[in-house]
Amino acid sequence: MPLPSFDLKEPGTVQFTAERAFDGRHLTAFCLSLRDESNRAAYLTDPDAYMQRYALTAADRDLVRARDWTALLRRGAHLQAVLKLCATHGGNLFDIGAHNAGVSVTELLAACPRIVSAVPGKA
Amino acid sequence: MARIIGGLGISHTPSMGVEFDRAADNGAVATEWQPWFEGTRPARALLERLRPDHLVIVYNDHLNHFTLDAYPTFAIGVGNGFPQMDEGWGLRPLPELPGDHRWGIHLTEQLIERDFDLTVCQGLGVDHGIFSWLPYLLEPPWTVPITPIAVNMIREPLPRPQRLADLGLALRAAVEAHPSEERVLIVATGGMSHQISGARFGIANADLDKWFLQQLPAHLDDLLKIEVRELQRLGGTEASELALWYAMRAALGPQAGVEYSFSSFPKITGCGVLVMTEPEEAIR
Amino acid sequence: MARIIGGLGISHTPSMGVEFDRAADNGAVATEWQPWFEGTRPARALLERLRPDHLVIVYNDHLNHFTLDAYPTFAIGVGNGFPQMDEGWGLRPLPELPGDHRWGIHLTEQLIERDFDLTVCQGLGVDHGIFSWLPYLLEPPWTVPITPIAVNMIREPLPRPQRLADLGLALRAAVEAHPSEERVLIVATGGMSHQISGARFGIANADLDKWFLQQLPAHLDDLLKIEVRELQRLGGTEASELALWYAMRAALGPQAGVEYSFSSFPKITGCGVLVMTEPEEAIR
Amino acid sequence: MPLPSFDLKEPGTVQFTAERAFDGRHLTAFCLSLRDESNRAAYLTDPDAYMQRYALTAADRDLVRARDWTALLRRGAHLQAVLKLCATHGGNLFDIGAHNAGVSVTELLAACPRIVSAVPGKA
């Protein structure tokens, strides 16, 4: 993998802006509900029925079903919320990161830590 | 009056906690976490010598307690205990954080009097922001009461870096207004360089972390001029949490000195620790 | 840039809302509420002439939305609508408050940049703090979007009076930084003299309310020197809510003038209304 | 009824101090749960079972059963919370106020507004 760049542009970074926070509010709320063990069980038993409880759009639900972590982040679900969804499906941070970076989890694990060097004032 | 005896800056990350539990089970620390484990030993010894009576911990929640329905810029915990939050993989075998609601009320009154617009939490759960590093430095059962102050590092806009330094100054005045002889340690915890999403996932600017640990003790004013976005650009989006460390430094007097400083980069988060003391508490 | 055209200060109380609904059903206002109903007519006409494009409403919740698990000193609503809370007797036949999340985001950014430590609420319900008086002044369906800012008047310590004036000043700067030509009305609502518990229940210091309405337009600095406890002592514990009106006055320029002022005392809460305009919007 | 006094002492005023807020946190939480209609129904169906869900002491539960509004306030339940409990039992603010003032609701209603006069600086 190439080393990370020093900028905040996509696809390197999906900034969680205030607009995104607002647009993704229902997705974030849905994902955060999975902090509760009984909710995790209910969701896994019948994902579609469970998602009906939240004001998700059909497109939102498709992203969840597809476990399209990258599109969920772009849609405004907060990473820490998406992580609850990922954990509910037995995954972890590296699954999300690998999907974001377009590599396999094995590749990403091997690449970390991705050492770079720079300090402020000396770009 | 109570007084501040020193400060602790330290990283947090879920994997640090996971590794602590695994090492406890296995009787051995994994190779990549060995430097961090060893690196925390001197800090642990220093805390033992400093004998704090109270810890004020400036940390950040990661959507494990709060939600975006109501996300506070600054929240304070008022309680005699603060439970651990389940972050999705079940609870870790740790007791709740001990608290002292009278300290919580005191600090709330003092900070609101100084125009900090706190959200006051009588039911506050805490995540790896505190639980991940605490077992490395203090062995359970924990007896020193804690007042947690949660700062928004989750949603934009974040508080200005100067606001965090101002919080530190206000904490100093608030502690000194406490009618006791207690010895208070100010703790600030935020991950050092890291980014856990996007194609920059895993960015590891270990030099930035070392530079930060060198700058913080004597050059806070210079650090405050750096925009949080610049820290994010160089160290990853979650390097914004370094701004929390400003509250610790600003709470100490200008003559406070470094007792110990260490950093390592186990996997995806810069892990560092800094212990400072006020001159009359100097051990070095 | 957007600009502030004027300000509205107004009381709220559950009974005011109950009476509005009863009058709508009966086609007649009860005798004790007749002065208030009549007294709001000129304010209603003024609002119609002022044609605001946006309302910023500084109000307080009464444990109908927030709980003491996490009670914010200052909370801002970011949303396109804010539903009515059920206060225990069911919902009133009113639509939700219209919002504009872009205004919410703008004001959040501006206020946090100015060191107001907001709790940012993407899911905010509102109680009689706004719903009780709004139907008297604006007929549903409401079309002018609102940004609600909730202030703690429930648990000690309350913010300092000066902090509310500072909030008003910051709101002025925040509105003027909005990239539009919108006309913004700043509203502050808090009950005037009243106390709804203890043996002093029903204390009715109508003279205090009249005095306050006389003082606020030109003597804010004098009012800010009065401790909230003194307002509570003279006007009842809930007279603390008068401090919210400071935010409205401080958001206006020094030359802003009074268009209309009125107060009455229907039963247990002083009910007053004050409309002020900036000089270039003067109607008087 | 005598006119209210210009002080903040009990029994005229039961100040909701920070200490009271803390001591009464479970009572306040219990009362505020009654903002929800289904909770009100569950509570009315079986008050004791419902109260078990909250960390109320036996003494707390006795105060609730006795509808001792005044003692509940002193114990640190917030007035606005006690009001939800009172409303659930078909009461309103005047029931609480009359209990606090030691008079009947009829007396209190007749006495309001209890007109007094004073402004700051001229006690």
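Per-chain residue numbering starts at 1, and chain names A, B, C and D are given in the order in which the chains are listed.
Here is the rule we go by: a residue touches a chain if its C-beta (ideal position, glycine included) is under 8 Å from a C-beta of that chain, and two chains touch if they have at least 3 such contacts.
Just so we're on the same page, UniProt names per chain: B, C = Protocatechuate 4,5-dioxygenase subunit beta.
Please read these numbers as outputs of a predicted model, since none were measured by experiment.
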Task: Which of C-D and A-C has more C-beta contact pairs - done: C-D
Open item on the list: Among A-C, B-D or C-D, which pair gives essentially the same interface as A-B, with more than half of the residue-number contact pairs in common?
Closed with: C-D
TODO: Just give me the whole-number Å value for how far the CA centre of subunit B lies from that of subunit D.
DONE: 40
Open item on the list: Using Cα averages as centroids, what's the distance between subunit A and subunit D in whole Å?
Closed with: 46
Open item on the list: Roughly how far is subunit C from subunit D, centre to centre by C-alpha average, rounded to an integer in Å?
Closed with: 25
- [ ] Provide the list of subunit B residues touching at least two other chains, using ranges where the numbers run on.
- [x] 68-69, 108-109, 122-123, 155-157
Task: Per-residue overlap in subunit A, given as positions that touch at least 2 other chains - done: 18, 21, 25, 29
TODO: Write out the stretch or stretches of subunit D touching subunit C in their complex.
DONE: 4-8, 10-18, 21, 25, 28-29, 32, 34-37, 40, 73, 78-81, 83-84, 87-88, 93, 96-98, 100-102, 108, 111-120
TODO: Can you check the complex and tell me which residues of subunit B touch subunit A?
DONE: 62-64, 67-69, 85-90, 154-157, 195-208, 211, 226, 229-234, 236-237, 265-268
Open item on the list: Could you list, by residue number, the parts of subunit A that touch subunit C in their complex?
Closed with: 18-19, 21-22, 25, 29
- [ ] Within their complex, state which residues of subunit C touch subunit A.
- [x] 78-79, 101, 105, 108-109, 122-123
TODO: Note which residues of subunit B are touching subunit C in the complex, please.
DONE: 66, 68-75, 108-109, 112-113, 115-124, 152, 155-160, 162-163, 166
